[in-house]
Structures are given as structure tokens and as C-alpha cells.
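Heads up, there are several structures right after this.
Consider the two complexes below, in which chain A is the common component and chain B and chain C are the respective partners.
Showing the complex of A and B:
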């Protein structure tokens, strides 16, 4: 653990560990504190925990006077607290950072805490199990290749029947195409309608594209455990598949953490900039619309619609306006949540929380804030460009009896496409 | 590790309410978990889905693809989503006594 801490101790981290002035502004920004009122969960307390370990090992004077300095050695008690706070009480949503009066990189500090734990093999079992499935089988749900191919063929047939054109295809493993598209494994496994939705968009745009059977998984769960070697290995596989198929552009499916882990973090994992264009599907759909490559049946949707912003895509990635422009073209009655955009509240399922059964109760409790936000909009449809958020929102829909429909952006767009005959 | 109590029966479950020991599953357990999820009475379609998931799990150690469920039961995708309001994973697989699938579900 100390080796990991040493390797991460740059000026960025050092400043964050030493700078907190305990103003308390971060408290109200955090969904965990808002939902529970538990002071242990205040973001600054997470910084304080790692800071106390730093002091113990790097400040001899602090170590001599632990009662005054708060320096803490790594022992059973500290580790239990680290797991509970870094893994169990943070979705990595990063909302605390812009609310911090002096700009402490709180979410980064929390992620360093996770890296220390994961290197020591202390990642919660349910999260590590998803990482292992990806490492061992190439996708995080361990879907066998033949079953994946059968599902894609099935979706292709259904789509061709629906739009009465056998030229509408879902190509597999084609080389030298413009776009290599990716999926969240939950799509082929349980929720494949978003695959045919995106295929319809590609068909309408006349795009040359493909899926890969070797590496189609957009997720990188080692981003959540922040394990250096494992997150790098998963990113390498996706990069290498772009090379293998000689695709021009890699398009990341609607997946908040997957987008962040590849588009923005992969250069750090890999140690070099990505030598090809990488886009999220939100940006690609927006591009198709502005370039008039696809046409939408404008303002066809009369139901009230609202939008949930995935933290990794929006607050961290800065993709804020594109999805709004798209929705405005389709929906007559679009109502924003309060707050929204870069200040949006996390749905509660981020940071790997959805996978970690250990903290299920907390996850549904913090999600109540999101449920209230949705209810206040009066919307009957919630759009979110993230499959992980879709699952959390679906559970909130059931638990808090919201009576809404949850859809991805591609599903909304596919329903509004005008196909040229 | 947690416990849930449904109509006087107590089950050991994980934090998400999936059975800790899948071998303790039987029809009565399925009915009780379904009830817990708001499915008052399991109909033939519910059972067809649950039995297929269960046999796939016993054979291959994992939940079947949704395609396999549709193909073998003759049900449409949307019907399956409607029959289990919590979806195929958190709904149907849980009623079938499987451990929670990995991934974003």
C-alpha cells in the first residue's frame, strides 16, 4: 500500500492532502452526507483519512505526536475504515471538487485510497469479480463469443424486419471501416434493444462501421478499483483492437465510466496519447445531426422528458450540451432537473457501487435524492446516456414508485429517425 | 451477508437480496422472492422464464442470454421486461435463485 502511495505522491496529491481548511462546504455537495447526515461520510473526512496515513509515514514529527497531528499507521482498524469510506461511501462523482473552497482534488484522493487497497488485494469481492470476468473472458459478464454472435444476428434480423431493408446490418469484425463501435456487455446479455437502436442510427447515417467479437466491451471496472496493471491491460486490449481492425474512429457506447476510462484516462494508463480519434456515441449522434447525415422527426414526442447527466461524461468529461441539443430536436416538453449539467447529482450507482452488493442499502438511500429530482420534473421519460445509470435509475423507479420509463439516448433517437427510401 | 424475511421464511442473501446459497432454491422460494418484488402470483410465463434461467445456471453456471430466454419461451423482449419489473437480472435471475450477475446490473 505504501508503495502505491509513494508512486502517486506528486504535487497534485501532496497539495490536496495538505490544503484542506475544514470549511465544510464539501459536506452538502456529497450525496452520501446529504442522504445520511453521517459526518464520517463528509468528503473532507476521506481526504483527512488518507492525509493522516501520509503524515504517519512521511512526517516524523507528526508520527511522534499522533494525538495532536492525527497521524495514523496502516493497521486493521485503518484498513477497515479505508474500505468503508473509499469504496463504500464514494461514487467518484466528483461533485465535491467544484464545491471545495480551495480546489482540493477530493475525488482523486479517494481514488488513490482505492488504488492502495486494490494493490493489496482488498477490493470488495463483488467489484473484483466483475474485473476478473473482464480479464479472464474479455468481457465483464463472461459472455461466450458464440452466444454474443447469436445475439447480434438475432438483433440484426429483428431490425431488418422492422425497417424492411436487409441492407440494415450489424457488421462483425470488418476491417478498414470508419467506426469501431463498442457495447456495454449488459446490452447483449439482457438489454439488446440499445444495440439495434444504435445500428439504426449507423444505417440511417450510411456509416461504415463494425463491432468486434474479440473486444467489444466498453467498460473498464479496474478504473473503479483503480488498479494500475488491470486498468492498463483492459485499455490496451481496446486500443489493440482498433489497430487490429484498422478502424479510423473508436466510438464508445453510452457508458459514463467506460467513456472516461478510455477517452480521458487511457492515455495515462498507456503512457501515450491515443493515435486515433475516440468519440462518445453522444458526440457522434450530435455530429450526424449537425452534418445532416441523419434526419429526425422533429418535436414528435409530446410526453414530458427529463435528462440525467452521468457524472463521468458530464462533470468530468465536459459533454454537457450535445445530449440537450439532440433531445430538443425530438421532444416538445423537456424539463431539466434541479440541479443539472456539471452540478448534477449522482444517481448513486457510480464508482462501481452498482456492482458492490456490500453497499446496496446505501446505494438505494443516496439514490432517493435522484428519485426526488426526477419526481419534481413531472416527466414520464428519463433519458440517460449511460447503461450503468439506466440500471440504477430502473431500480430507483421500482423502489420509489416513480412510474417513469428509462431510456438511453440512442433509443430515443432511433425512434425518431426518418429513413430515406 | 444479510437476511430477508418473507411470510415468516428467513433467507440468507447478499446485499442485493440474491440467495447466498443457490442450492437452497425451490419453487416455494421462487414464489416468495417474486412476492417480495411485487409479483403476487407467478403465472406460466413467469415460470417458463425462471425454469429456463435455472436450468441454464445448473448446466453452465451462469444466467442465459436474453436471446435464449426469448427463443425458448417464445416470449417477446418487452414482455419479459414487463413480467419482471426489476428486469431479467435483478428480477428474474434473483427469483430463479442465482447469484447476482457481474457487470452493470
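Showing the complex of A and C:
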């Protein structure tokens, strides 16, 4: 664990571990503290926990006077606390950071804490099994290739029937295309209609694109455990598939963490810049609209609609306006949540929480804040460009009886497409 | 001062994290924003959800800067004039009260007590006393010994505990700006990019 800490002690981490003044003013910015009122969940506690370990091993004067400095050694007690706080009480949403009176990189500290634990084999079993599934089978849901191909063919037939055009295809493993598109394995497993939704967008745009049967998984659950070798291996596979199919652009499906893990973190996992363009599907759809490659039936949706911003796409990815521009083209009655955009509240499913059944109760509890936000908008449709968020929001919809429809952005756009015959 | 300089040097020498991802924005405007717009109290929950603490904190920090400036004036034996001395002493009394108020809050509010370590109480107490003693010195109280004692303890303690945030604050904001600037989040380009209106 200490080796991992040592390897990550650059000026960013050193600053973060030493700059917190424990004013406690970040407490209400965190969904965990807001939902529970539990002082252990204050963002600064997570910083202080790793900070106290840092002081013990790196600041001799602090180690000499632990009563004053709070320095703590790594032992059974600290490790239990680390697992509970770093994995079980933080989604890494980063909302606390801009609100912190200093600007401490709290989510970054939390991620380093997770890296220390994962290297020591202390990742919660449920999360690790999802990572293992991806490592062993190539996708986090361990979907066999023939099952995946069958689903794609089925979706292709449905789409061709719907559009009445046999040229509407879902290509597999084609080379020298413009776009290699990825999927969240939840799509082929549970929500295949979102695959055909994006396929319709590609068809309408006249795009040259493909899916891969070897590596289509946009997720990287090792990003959550922050395990260096595992997150690198998953990123490597996706990079290599772009090379293998000689695609020009990699398009990341609607998945907050998957987009972040590849667009922003993978170049650092791999140690080099990516030699191809990487876009999220939100940016691509936005581009198609502004380039007039697709046409939409403007303002066709009369129902009130609201938008949930995935933290990783928005606060840690800078994609904030694009989804709003798209929705404004389609929906007449769009109501923002308060707060929203770069200041949004996490739905509670981020940070791998959906994969960690150990913390289900907490996850649904913190999600109540999002449920209240949705209710206050009076919307009947919630759009979110992230399949993990869709999962959490669906559970909130059921638990808190919201009576809303949850849709991805591609589904919204696909329903509004005007096809040139 | 040497202790503080050493800490700063250590942080600088530990190096910036490499980022191989393609930038979506620029860092300079983000750094400017981090020091200006992002500090706007109506946008920061640490301020607008805690107005009394925020205002007390601002007064307390202004008092610290004032007391540091006055320390050099006192040391140099420069006369401030009677009226100015009383005005400055009044301001320092107010700011030290703000400091003691924050200390009291730390002692009685359970969540804050849970978060606190001894360093927090010591730092807060030392700085509040420093301001109070500076004010008393200006008002003509003969407390030279106590005053210089507090200043000496403060100087020794400065590089050891959380008072180091006087430099780390800028380092933290720089890193935050680096992150958000690179990813195109700061400075905000539309209302949705702040999102708490």
C-alpha cells in the first residue's frame, strides 16, 4: 500500500493531502453527508484519513506528536475505515472540490486511497468480480460472443423492418471505417433497443461505422478500483481494437465513467497520447446535428423533460452544453434540475456503487436527493447520457415511486429522426 | 519562513503529474477563473450555505494580514498615530473575535469536533491571540513580552501545522484549475457550466 502511495506523491497529491483546513464547509456539498448527516461521510474526513497515513510515514515531526497531528499508521482499524470511506462513502463525483473553501482535490485523494487498497487485494469482492469478468471475457457482463452477435442481428432485423430499408445495418468487425462504436454491456444484455437507437442515428447520418465483437465494452471498472495494471489492460484492449480495425475515430457510448476512463484517463494509463480521435456519442450526435447530417423533428416532444448529468461526463469531462442543445431541438418543455450541469448532484450510482452490493442501502439512500430533484421538476421523462445512471435512476424510480420514463440521449434522438427515403 | 519555503520547494520538486490526454481547454484562463469567479461566494456552497462562518472567516483572514503588516511596523518602531492606532486596534479586536468565534464553533459543533485534530485548535487559538495581542500593543498595553512570545511560537508552528495553507491554498487552486482547465470545464462557457443558479 505504501508503495502505491509513494508512487503517487506528486505535487497534486502532496498539495491535496496538506491543504485541507478541516473547516467542514464541504459537508453539505456531498450527497453522502446530505443524505445521512453522518459526520464520517464529510468529504474532508476522506482527505484526513489518507492525510493522517501520509503524515505518519512521511512527516517525522507529525509521527512524533500524533496527538497534535493526527498521524496514524496503517493497521486493521485504518484499513477497515479506508475500505468503508474510500469505496463505500464516495462516488468520486468531485462535487465537493469546487465548493471546498480551499479547492482540495478530494475525489483524487479518494481515488488514491482506492488504488492503495486495490493493490493490496482489498477491493470489495463484488466490484472486483466485475473487473475480473471484463479481464477474463472481454466484457464486464461476461456475455458470450455468439449471444452478442445474435442480439445484434436481431436488433438489425428489427431496425430494417422499422425503417423499411435493408441497407440499415449494424456492421460487425468491419475494417477501415470512420467510426468504431462501443457499447455498455448492459445494452446487449438488458437494453438492446438503445443499440438500434444509435444504429438509426448512424444510418441517418450515412456514417461508415462498425461494432467490434472482440472488444465493444466501453466500461472500465478497474477505473473505479483504480488498479493500475488492470485499468491499463482494459484500456489497451480498446486501443488495440481501434488499430486492428483501422478505424479513424473511436466513439464512446453513453457511459459516464467509460467515457472518462478512456477519453481522459487511458492516455495516462498507457503513458502516451492516443493517435486517433476519441469522441463521446453525445459529442458525435451534436456534431451530426450542427453539420446537418441528421434532421430532427423539432419540438416534437410535448411532455416535460428533464436531464440528469453524469458526473464523469460533465464535471470531469466538460461535456455540458452539447446534451442541452440536442434536447432543446427536440423537446418543447425542458426543465433543468437544481442544481444541474457542472454542479449537478450525483445520482448515487457512480464510483462503482452499482457494482458494490455491499453498499446498496447507502446507494439508494443518497439517491433520494436525486429523486427529490426529479420530482421537483415535474418532468415525466428523464434523459441521461449514461447507462449506469439509467440503472440507478430506474431503481430510484421504483423505490421512490417517481412514475417517470428514463431514456438515453440516443433513444430520444432516434425517436425524433427524420429519415430521407 | 525557511520552513515554509522548504515545504513549498518540496511540493514543487515533487513534479506535476503528466497528462497525456488531449486538452479540451486552456489552463491560463482556468487559473484566472480559479482565483476570481470560482471564488464568488454566491457560487460556492462553502460560502452561501454558511454566511456567518464565511463572513467571520473573511474578517479573520483580513485581520491576520493586517496583524502581519503591523508586526513589521511595530518591529521597526514606526509610530502609527493615536487615531489610526485605535482604529486598527478596534479592527483587530473584531477580527480576533471572529477567530475566537470560529474556534468556539469548532468546539461545540459535533460534526466539526469529529473532524478536528489538535492542530486545528492550536492554529486557530495562536492566530486569534496574535491578532488580539497586536491590537492591544497598538492600544498601548504593555504586553511586549507576551506579544513577542506569541509571534515566536507562531513562527515556529507555521511550517508544522495547517497554517501552511497560506501557501497551499494557491497550490490547491492551481491544481484544481489545471484539472478543470484541461478538461474544458473552467472557465464556464455557459450557464449550465455553473449550474447552481
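Criterion: the second predicted complex is superposed on the first by the 421 of 421 C-alpha atoms of A that agree within 3 Å, B and C clash if a C-alpha of one lies under 4 Å from a C-alpha of the other, contacts with A are read in each partner's own complex, and residues count from 1 in each chain.
As a working rule, a contact is a pair of C-beta atoms (placed from the backbone, for glycine too) under 8 Å apart; a residue touches a chain by one contact, two chains touch by 3 or more.
In this text the structure is predicted, and so the values were computed from the model without any measurement.
Visitor: Given the touch rule stated above, what does A:140 touch, chain B (first), chain C (second), both, or neither?
Guide: A:140 contacts chain B only, not chain C.
Visitor: Return first, second, both or neither, reflecting whether A:418 touches chain B, chain C, both chains, or no partner chain.
Guide: After superposing on A, A:418 lies clear of both chain B and chain C.
Visitor: For A:42, select first, second, both or neither according to whether it touches chain B, chain C, the two together, or no partner.
Guide: Touch partner of A:42: chain C, not chain B.
Visitor: So in the superposed three-chain picture, is A:229 touching just chain B, just chain C, both, or none of them (first/second/both/neither)?
Guide: neither
Visitor: Is A:64 touching the first partner chain B, the second partner chain C, both, or neither of them?
Guide: In the superposed model, A:64 contacts neither chain B nor chain C.
Visitor: In the overlaid three-chain picture, which partner chain does A:73 touch, first (chain B) or second (chain C), both, or neither?
Guide: neither
Visitor: Check whether chain B or chain C contacts more residues of chain A in the superposed model.
Guide: C
Visitor: Is A:387 touching anything from chain B or chain C once the two structures are fitted on A? First, second, both or neither.
Guide: Touch status of A:387: first partner only.
Visitor: A:6 in the overlay: touching chain B, chain C, both, or neither? Say first, second, both or neither.
Guide: The answer is neither, since A:6 touches no partner chain.
Visitor: Flag every residue of chain C that touches chain A in the complex, lowest number first.
Guide: It comes out as residues 7, 10-12, 14-22, 24-25, 34, 38, 44-47, 49-50, 53-54, 57, 109-112, 114-120, 122, 160-162, 164-165, 168-169, 171-173, 175-176, 178-180, 183-185, 188-196.
Visitor: Mind pulling up the chain B residues that touch chain A in the complex?
Guide: 14-18, 62-63, 65-68, 77, 85-90, 100-105
Visitor: Can you tell me which positions in chain A touch chain C when the two form their complex?
Guide: Answer in residue numbers: 9-12, 14-16, 18-29, 39-40, 42, 44-45, 48, 61-62, 67-70, 97-105, 263-268, 270-274, 278, 309, 314-318, 320-321, 324, 336, 338-344.
Visitor: Within their complex, state which residues of chain A touch chain B.
Guide: Per the touch definition, chain A meets chain B at residues 126, 129-130, 133, 140-143, 147, 150-151, 154, 184-186, 188-193, 219, 255, 354-361, 387-388, 391, 394-395, 398.
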